[in-house]
Every structure is written in structure tokens, then in C-alpha cells.
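Look for chain A in each of the two complexes below; its partner is chain B in the first and chain C in the second.
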Partner chain A sequence: MSDHSYVLQGTTGDWEIVVGMEVHAQVASRSKLFSGSATEYGAEPNTQVSLVDAAMPGMLPVINAYCVEQAVRTGLGLNAQINKYSRFDRKNYFYPDLPQGYQISQFQFPIVGEGEIECERDDGSLFTVGIERLHLEQDAGKSIHDLDPNATYVDLNRSGVALMEIVSRPHIRTPDEAAAYMKTLRTIVRYLGTCGGDMEKGQMRADVNVSICRPGQYEKFRADGDFKHLGTRCEIKNVNSMRFIQQAIEYEARRQIDLVEEGGTVQQQTRLFDANKGVTRSMRSKEEAHDYRYFPCPDLLPLEIPQARIDEIKAELPELPADKRKRFVNELGLSEYDASVLAADKDRADYFEVVAAGHDAKIAANWVNNELFGRLNKEDLGITESPVSAGQLGKLVDLISTDVISGKIAKDVFEILWDEGGDPAEIVEKRGLKQVTDTGAIESVVDQLIAENPEQVTSIEKNPRALGWFVGQVMKAMQGKANPKAVNDILRQKLGL
Partner chain B sequence: MTDFLTLSLAEITARLKAREISATEVATAALAAAEASQGELNAFTAFDRSRTLAMAEASDQKLAKGEGGLLEGAPIAVKDLFAVEGVPTTACSHILDGFKPPYESTVTSKLWAEGGVFLGKTNMDEFAMGSSNETSYYGNVINPWRAKGSEAKLTPGGSSGGSAAAVAAHLCYGATGTDTGGSIRQPAAFTGTVGVKATYGRASRWGAVAFASSLDHPGPFAKTVKDAAILMQAMSGHDPKESTSLPLDVPDFVAAAAASVKGKRIGVPKEYRMDGMPAEIETLWQQGVDWLKAAGCEIVDVSLPHTKYALPTYYIINPAEASSNLARYDGMRYGLRVEGQDLTETYEKTRGEGFGHEVQRRILMGTYVLSAGYYDAYYLKALKVRRRILEDFDQAFAQCDALLTPSTPSAAFELGSKSADPISMYLNDIFTVTANIAGVPAMSVPAGLDASGLPLGLQVITPALDEATMFSVGAALEDAAGFSHTPEKWW
Partner chain C sequence: MSVTEDDVRRIARLARIAEPSDRLAALTGELNGILDWIEQLNEVDVEGVEPMTTPVKFPLPQREDAVTDGGIRDKVLANAPSSEEGFFVVPKSVE
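And then the complex of A and B:
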């Protein structure tokens, strides 16, 4: 752990940080948590609002069973306890974009209990974050303040949309780990199909709890679970990008250190991150905190999920990224790096698996990660929009691994596939791109080069590294189709290296 | 001649079916009687004449073809808590001024599906908070009954006072009510009508303005037990739009109302014998016991030991839920809006002017009992007592099939006599709240008159889902009491 520690120097000594996160993930569902309204993003304001969402008198919520199953699926993906009994409570607060005057949430009995996930730092090392709970709740509407200087408009399209609030333990120790945790969560929910994970569309957003402590205190907290070892936390609300999460934590940690070192104390409060200025600002203190007056929602029965249904959902779960990464390393022989890049995104992993099926997995990984992703990024395309299909790329990989073409020629074939499509083997055949492995043909080119370039031969005797010049000349003469290994072998032999 | 207005629901539907009278004729007469009564009784808050006549016309067409439902052609009044599409639905609160719902409540939809003809919206306590109808924004209803030799204006009870008065005054053949702590049974007792609430979840709450959701029970007012069974039958049934609606078939309540009670064990709970209860109530209760004994019932003494905690428990759970349910009235999407300097002031003014005193009192009490630091002592404790009260009923019903109690601790009182003292007003519900807390069926049956000639009711409570026994015992009491009194028309 010490390799990854995040130590901040203060005037009174070193400091560390402790971070816990509450992530709101929008449940991937066509309709809302308690009404049949659509949830599509980007619709005209107030066009996806039912009588229930608008809190008309006498309207009542009815639970969307699909959203419940999505929460169970997510809980299983977080290796968490699924609670067979859970209950909805009303969280009462008054706000213009909350038509009911309360949010239906799960307070005392969440649908998912304790779990943990393995996350990966940028350097590929792993760390584990405990999950405290996941509960279902409805989203509020959206207040729009910038349409009119004197009025606030309210869009209720989001009102009632199902959210999963995923609460972590304070097991995150650096800004990078916070982003890594968020990325891992996003990968998991995308794999499961339980959340789109698009932060720009507000499908995932985080409340970040930050506190500071002296080195050694966190380890004491982990040993006995007592929060007294840690500093007072501040909660930064609604941070909506990976970069902002990191920036907000960095700023907040430094703010707390400066405050404490100047003789102040950190007050528990809710803060907002101002992305333009890169600072956090106080929103409300503990004294001003809402009293939500939670109580069981009398309009809904408790949720009871039979074990058999949980088992069914479990059986249908897709392979999760951490398992996939391990399989890529152990069974396909990929490097940790290649495996984790591929496993990080389900569509990419699926694409790769088709390319690798029956072909050389390492070459496949190399081609998907480098050539394909490089080209897709350049053109700003997603994997599902790739003009080269996984089947085509698999055939190309075969041509490389069986020495029919060289890697260099393969790049030309790839370009042709990208621009014109077609079958790789046919392209190679028709355009005469097959690699020349006929040693006689190579030898005659080599003999000719040696005869015509005596000074190069002399220099290579002094500096064997200059062999590359000859290789290049042979390749040039043979339009790149010569087998590079054969060229090398023959050159070395003829030049007596 | 409009004598037919005094007929029971069962009688008028028989005549309609036999084509001895037309639904249009009945509706026209009922509308005229209801409108004419308004100046004195103030039982209604809205009419929709063209809708009423169109529904009657549709009933006539069905009846002409020999078709029609349980209520075909009978005018029914609707408590203003139920959404009737396109008709003002205000829960008699200023804050819902001008609100015309674009939807129809499940209960009224079911009544119309059975051929009921919408007569009008009835007056009630604001958001059903009250026991005398005095908290209505539209002024109180006057009980059609008067004490002998007196012209003093009496309360019809509350909160469903308009519905009770409309049935008692023969302005309609039945009416909907809601009973959260006695809001059907108490006004029924005060007006000599039959009032029923079935098991919680039997009739859907969808489209009825929410008051205290876990206690709200829709139900009917009727002239007879049989009529009440017909109406309850019509308004019951599973509603997929309501999560606490019972996913069960509805038993034949009408047949139950005609069934024998021989051999039924009737429990008499000793805790309902309150100190200071008027002798007349005591006497009537004993009379009820004797009637049922004579009808072949076995009388059992039972105990509901937590009864004394019922009213305090009720007055914690009820305002707690109400405070949350009423948060949606913010003046933004419907109803009253009183503009202020800024948004906060607009909210404050709207809610300050839109809600009456009793409503504000409940919102404050509810907010208080749910607040951090008080929650455990009040709300959580109340939930625990609620469980004990449920257990009381379970234990009592292990020994008997139905409980017999008085409906109210007194007959109808004078308007204004209790409105200054909320506690004495709340005590009106002392015999009725337990059935709401437990969610069990209960009804009030008119059983006699007090010395001043005002009606008194007896209450029958049965185990959850056993409305059948309730209706049969109610019918036995009705038979024995031979209650045929009707208020002398003075309005």
C-alpha cells in the first residue's frame, strides 16, 4: 500500500486523506421507478411526466419490478448481500423540483447490503473498496434557472426516474483511487446493463466525502472500525466527471489541511464543487442540514424477493470485468495491461473475443488495442461503429500468425479493409501481398545488394547494428513482401555476422 | 310526486329495472331536491347537471335493453375527496381552488361502471380532517335531523358530513365517503344512516385525495344495510394502480347481508365502556346485545387491552402521514396560488392562506412527531402500539366472530360546541379509530333514537376480510331495531 500512498505536506507535518463515495447511478429502464413514463434522455421538457410524477392529488406509486431486478443484478455484480426484505421510506423535503414534497427512497432497509469490489489503479495495481449498501430511490426533476432572469423553470422529465445509490466504505485513499473506483463501478454497471454509465447525461454522479488524517490513523480505523481515528468529513455534492472528482478531492484536502494548520477545525458540512474555479464552496452546515423526517411510505408494500428469483438473476449474470481480465491473462496468455484495457469495456471485450476466437490471442489483443483502437480514436468512433468487423480482423490475425503476410503488410491490408471492406485472404491473394519466404528469391536480392554496396559491407563489419540498412533495402526491393525473419537470417549468414 | 326519493337503493333499482320509472326522471328529481336543499343543508359543493342527465339517459338506454349494473340509474353522491373527471375536486380546501382532475378515481369509476349516476360532490371537513364538517372551506353542512322541539343547527358529523346528510335527507340513494378514523361511521350514526368501511385495501384509494394513507378507507353511506352491501360490492376490487389494494376477489356482500347470524359469537369489549358515557348509549349497547342474543348469537365478553392508547396512537400516525401527503400542495401545478415577492414567500402565502387551521395543526403535529429527536418517542412508539392494537383484535377474534360497540360516545352535537377544543372533537372518534388502526371492517347501523329524538348507531367490527359477517350482523341489528325514522323535512 505504501507505494500508492498519497501524502500531503503541511506546515505541521504530513497528512493523508480518506474518501468515501455515494454514487447515484440511473437504472437502465424504459420506464420510471413508480410510473409508466418514459425515461429517454434529451426529450422536450415535461413530455415524459405522468400524473404520478407530477404529484397530482390522489395519485399513487406502483413499483417497477424491472428496476428492482436491475438493483438486484447490480448488487450481485458488487459481490453484495441481497436483502430479501427491503422497504421504501419517504424522505421529506420541500423543493421546487420535487413535486410530491418527498422522495421515495430506502432508508432503513435497503435492497442491497454489504459487498466489495476490486478496483485498478492507473499503474495496474489493485485495491479493494467495501460497499456499504445500495438502495433504490426516485430522482427529482430539474430546476432551470437560466431561461429567465426572474423565474425558475422546472422540467419533470427526470422526476421519478429510478436511481441506485451505491454507498462505499471510506476505503479510498487518493484522488486517483476515487476516479478508479468510479471507473470500476461504471464498468460493472455497463457490463450488467443496469446503468448506461454516461456521466455527461447525468446517468452517474457522485457525492464525495473527504476527510484528512495523520499517517497511521487510517490503519487504526481499519483495525477497529472506529471513526474517531479519522477527521471530520465534508461531503461534496453531485460531482459529475472523473476529472472533477479528482480536482474536488485535491482542493478539499488542501483546504482542510490549511484550515486545521491555521488553528481551525473542520466542520461537517455539505459543499459544492465549482468546476470553473476548481474550488469547493459551502452549501450548508450540519446545523442547517435537512431533517428528512423519514418514515415508511404507506403507499407501498415492503419488497420481498424470493431466494429463487435472486438465484435466477445470479445465474443469468454476464462474466464481470475482473473475472474477464483474469481469464484473459490466465487462459489467453495476454499481458495484464492488454487484458485490463480490453476487459474495461464490455463492447471492446466482446469484439476482442470474436477476433481471438480460434486465432492467436496475443496478436489479436495487440491488433485490437493498438491498430484498431488507435484508428477508431483518430476517427472518433466507438467500437460498435468500427468499419472493420471482428470477423475480418480475426482473419487478418490468422494471416499474420501463419506468416502469410508480415505485420507491415497487415497494416496495409487493414487500411484496405477499413476503406473498402472485403475478405483479408482475398485481398492478399488478389493484390499479391503474400510474404515471400522463398529463400532463393531473397538470396539473389541479398547477393546483388552485397555486390553493389562494398562500402556498406565494410562498415557493417565495424558496426553490426547497421544491418538495418540492408534489411530495409531488401524489403524495398521486394515491395515489403519478404519474410523479415528470413531476410535477417540470410543477411547475417552472407555477411558473416 | 317525488316520493320515490325516499325509497332505498334496492327499491329504486328494482323499479328502474321494471321500467316503472325512468332514470332521467329520478335524476331530475334528485338534482332538484339536492339543489333546493343547498341553502339550508349545504351538503353539496358541486353539481354537473349535464353530466348527471347524460348518465341517466345512458342508464335509460341500457335499462330499455334489459341491461344494467348493480346501481343502474340510481343517483349517487360523491365525497369531494374523490376525483371525478372534469368536476371540481377540492377536498373542501381553499388550496385546491378550481382543481378539475383529468382523471376519475377508481371507486367512482367502479360505481359508474355499475350504472350509478353522478349526482354531485358532497361537502366535507377540509382534507377530511374533522369530526363535525366545520373545517370545510365551503361552510359546514347542517344535519337534516333536529332535536325534538329545537331548531338548533346540529352537526352531521365528519368528515363525510355532506354524504351522510345527503343520504339522510333522501337527496340520493347512496354516497361515497372515506373513513380515516371514523369519518364514515360517526356521521352515519349522527344521521341515522348506514356507514361502512371494509377491510383496508378492499376499495382502492387511487384518485382519492390522500389524507393519512395507511388509515384511509373508502366506503359507502346508505339507507339500509342491504344498500350498503350493494354499494360496497360495487366499489370494491383489486386495483393494479394501488399497491396496497387487496389482490382478491370480492365476496358476495349482498348475499351476506341476507345470511343468518345464528350461532355467531358476538364479542363485547369491556374497554369500550368509558367513564362518563351517556346512559342512553349504554342502554342502546345493551339493547343491541339483547337483539343479537335473541337472533341466536352467543355473547362473549372480550378484552381489547390497548384501546386506551388507540386515540393517541391515531393522532400521531394520522398527522405524520398527513404532513407528508399535503406537502405537494405548493401552488405550482394546480389549485390556489398566492403570489409573494419571491418563491419562498409564494409558498408561504399559498400554504398559509390555502390551508385552514385544523389542517395546519395536523401538518405541524405531523412534522413534529417525525422530526429527529422526537421520532422514536412519538412515531416509532405509535407504530409499536399499532402492532399491539392489531394483536388485541387477533386475540379477541380468536374468541368471537364480530365485536359490537357503540358507534359514537354521543348523538349529534350542536355546531360550534366543540370547534374551539380540538381534544373534545378528537374524542368523537374514540370507538371508531381502532378499526382504522387495525384495518379491519367496521360499520355503523342506526339502532335507535335518544331522548331528544336524535339517531344513535351501533358499530359492528369483524376480522380482516370478513365483511360477510359484518353485513349479516348489521342486517340482524337493523331487523331487530326496525329503525325506520327519517328526519322531518324542514329545509
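And then the complex of A and C:
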């Protein structure tokens, strides 16, 4: 742990931070959780609103079976307990974007209980974050405050869209780990197809709970589970990018340390992150959490899921990123780095698997991660928009692994595939790009070079590292088609190195 | 169980109804009367009985994930005291 600790210096000594997160992930469903209105993003205001969503008197909610299944799928993806019995409660609060006056949520009996996921830090090391629960709830509408100085404009299109609130244990210790946890969650829900994971569209948003403590206190908390070892937490609401999550935690930790060291105490409260100024500010006091006056929603019966249905969903689960990463390392022999880059995105992983199928997996990983991703990034394209198909790249990998072409020529062939398409083997054949492994041909070029460049030969005796110049000249003379290893061997032999 | 005048004031605030300052004492008395009456339920022995949230004994009705509603903006906005360009317009609510 100590290698990854985040210690902040204060005037009274060192401080550490403890972070827990509540992530709202929008269920990727066509219609809302309790009504048949559409969920599509970006529609004209209030066009995707039914009388249920607008909370007209007498309207009753009917649950969307698909949303229930997605919550179960996600729970299974979080290695969590699925609760066969769960129930909906009303969480009471007044806000113009919540016309019911309450949010239908799950308080006492959530659909998913305890789980845990393995996350990866930037340096490739792993850490585990406990999941406390996942519950289903309705999203609220959207308030727009800047259209009029004296009025708020309300759009209820989002009102009633299904959310999965995923609550973590406070097992996150650094701003980087918080971002890593969020990335891992996003990867999991995207693999499962239960949430689009697009943070810019608000499909995933995080509430971040931050507290500070002295070194050693967190370990006591982990030993006995008693929150008294930790500081009072503040909740930063609705943070919507990885970078903002990190910035908000950094700012909030420093704010709490300064406050405590000046003799103040941290008040439990809800804060907002102001991305323009990089600061958090108080939103409302949350001392009285029981103000929500939760009670069972009388409009909805308890939700009971048969074990058989849970088993069916489990059987349909795709391979999850952590398992895929391990398989790439153990079975395909990839480096940890290559494996985790590829497994981090399902589309990338799928593409890679086609390239690697029946071909050299290491060369395939190298080409997908470096040449292809590099080029795609440059052109601002996604993997699904790649002009070079996985099948084409697989054939190219074969030509490299069987020494038909050199890596350098392969780059030229890749460019041709990118611009013109075609079959790699045909391109190599037609354009005469086959690698020359015929030592006789290489030898004659080397002999000629040595004869023509006596000064270089003398200098290489003093400085054997100047060999590169000769390699370059041979390659140039042979239009890059010479086998680099053969060139090196012959040069060393002829120059007596 | 009983409530104080402060509790009643707080409940009113949470429910967004005007603080009934002139009737506070009377309301507190009435609410306590109701609570006393419900208190009688404590006489029933419920040892070992599962709490019941519904008397209905069939499973939660569920629907398919299909778009079957919405697209009725005029109806949705019909009762709004104020609306503009398809939005509800309410007094400024930013915190």
C-alpha cells in the first residue's frame, strides 16, 4: 500500500484521504423505468414525457423488465450478491425537476448487495474496491438556469429514466485511484452493454465522498470497520469527468486540511465542483439525511427475481475485462501493458481477437496498440471506423511473422491498406515488397559499401556503434526489403566486429 | 410517541406548506391525538411475524422495454402556470 499512498503535508503533520463514490449509471434502455416514454438523448424539451413522468394525479408506475435485468447483469459484473427480494421506496424531496415530490428509489432492500471489483492504477498495479450496493432509481429532469435571470426552465425528458446507483465502500485512497475506479466501472458496464458510459452525455456521473485522516487511521478502519477512525466526509455532487473527479478530490482534501488546522471542524455537507475555478463550494447542508423520510412506495409491489432467471442472466454474461486481461497475458503471452490497453475497451478487444486469431498474438497486439491506434488517434477515428479491417491486419501480421516482409515494409503496406484497401499478400506480391533473405544479394551490397567508404570503415573500428550508418545504407540500397537481422549479421562478419 | 410544536413546524417546512404559526398548538394536539390512537396497535403481539408492506399476493407486474408513450408535450404543459418554448417555467431555483 505504502508505494501508492497519497500523503499531504499540513502545518500540524501528515494527512491522508479516504474516498468513497456513488456512481449513477444510466441504464441503456429504450424506455423509462416506470413509463413507456423514450430515453433518447437530445430530444426537444418535454417531448419524451408521459403523464406518469409529469406526475399527473392518479398515474401509476409500471416497471420496465429490461431495466431490472440490466441491474442484475451489472450486479453480476460487479461480483455482487443479487437480492432475490428487493423493494422500491419513496425518497421525498422538493425540486422543480422532480414533479412527483419524491424519487422512486430503493433504500432498505436494494436489488444488488455486496460485491467487489479489481481496478488498475496508471502504473499497472491492481487494487480492490468493495461495492456496498447497487440500486435502481429514477433520474430527475433537467433545470436550465441561464435562459432567464429570474426563472428556471424545466425539461422533464430525463425525468424517470432508469439509473443504477452503484455505491462503493470508502476503499479509494488517492485521486488517481478514484479515476481508475470510475474507468473500471465504465469498462464493466460497457462490456455488459447495460450503460453507454458516455460521461459527456451524463450517462455516468459520480458523487464523490471525501474525508481526511491521519496516517494509520484508515488501517484501523479497515481492521474493525468503525467509521470513528475516519474524518467527517463531504459529498461532491455530480462530477462528470475523470479529470474533474481528480481535481475535486485534490481541492477538497486541501480545503478540509486547512480548515481543521485553523481550528475548525469539517461539517457533513453536499458540495458542488466548479470546473471553471477548480474549487468546491457548499450546496446545502445534509446533516438531516432522514429528511428524505423514505417509506415503501405504495404504488409498487416488491420485486422478486427467481433464482433461475438470475442463473440465465449469469450464463449469458460476456467475458469481463479483468478476465480478458488475464487470458491475454496467460494464454496469448501478451505483456501486462498490452493486455490491459486492449482489454480496457470491448470494441478494441474484439478487433484484436480477430487480428490475433490464428496469427502471432504478440505481433498482433503490437500492431493494434501502436500502428493502428496511433493512426486512428491521429485521424480522430474510433476502432469501429477503422479503414483497415481486423481480417486485413491479421494477414499483414502473418506476413511479418513468417518473415515474408520486414517490419519497416509492413508499415508501408499498412499505409496502402489504409488508403487503398486490398489484400496484404497481393499488395506485397504485386509491388515486389518481399523481404530479401538471400544472403548473396545482401553480401554484394555490403561488399560494395565497404569498398566505397573506407573512412566509415576506419571510424567503425574505433566506434562499433557507428554500425547503424551501414545498416541504414544497406536498407536504402535495397529499398528496405532486406531482412534486418541478416544485414546485421553480414555487416558484423565483414567488418570483423 | 408524540410530536412537539418544533416537529410540526419542521414537518410543514419539509412538505413545503406554509408554517401554520397561529394554529401550531392546536395542530400539535391533533397530531398527538392521532399518534396516541395509532399507539394502540402496539398492544398487538407481532412477535415472529414478518413485516408486511402489501396484502397483495401476486408478483410485481412488469412491462417490456418499448416506447409506447410520450410525444404529448401540449398535454403535459397544459396545466403549467407558465411555459415557454416547450419548457416549464418556474421561479428561479438555483442554489
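The working rule: the second predicted complex is superposed on the first by the 492 of 497 C-alpha atoms of A that agree within 3 Å, B and C clash if a C-alpha of one lies under 4 Å from a C-alpha of the other, contacts with A are read in each partner's own complex, and residues count from 1 in each chain.
We take it that a contact is a pair of C-beta atoms (placed from the backbone, for glycine too) under 8 Å apart; a residue touches a chain by one contact, two chains touch by 3 or more.
Worth saying up front: this structure is predicted, and the values here are computed from it rather than measured.
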Touching partner for A:269 - first (chain B), second (chain C), both, neither: neither
Chain B versus chain C as contact partner of A:247, first or second or both or neither: neither
Contacts of A:100 with chain B and chain C, given as first, second, both or neither: first
Touching partner for A:293 - first (chain B), second (chain C), both, neither: both
Which superposed partner A:92 touches (first chain B, second chain C, both, neither): both
Chain B versus chain C as contact partner of A:152, first or second or both or neither: both
Which superposed partner A:301 touches (first chain B, second chain C, both, neither): both
Which of chain B and chain C A:57 touches, first, second, both or neither: first
Chain B versus chain C, judged by how many residues of chain A each one touches: C
Partner chain(s) touched by A:168 [first = chain B, second = chain C, both, neither]: neither
Interface residues of chain A shared between complexes with chain B and chain C: 51, 54, 62-63, 92, 94, 96, 152, 154, 291, 293, 298, 300-301
Partner chain A, residues of chain C touching it in the complex: 14, 16, 53-54, 56, 58-73, 75-77, 82, 84-95
Residue ranges of chain B in contact with chain A within the complex: 82-83, 89, 91, 96, 99, 101-103, 105, 205-210, 212-214, 240-244, 320-321, 323-324, 326-328, 330, 332-334, 343, 347, 367, 370-372, 375, 379
Residue ranges of chain A touching chain B (in the complex, touch as defined): 51, 54-63, 90, 92, 94, 96, 99-102, 152, 154, 291, 293-295, 298-301
Contacting residues of chain A [partner chain C, same complex]: 29-31, 35-38, 44-54, 62-68, 87, 92, 94-96, 143-145, 147-156, 283-284, 291, 293, 296, 298, 300-304
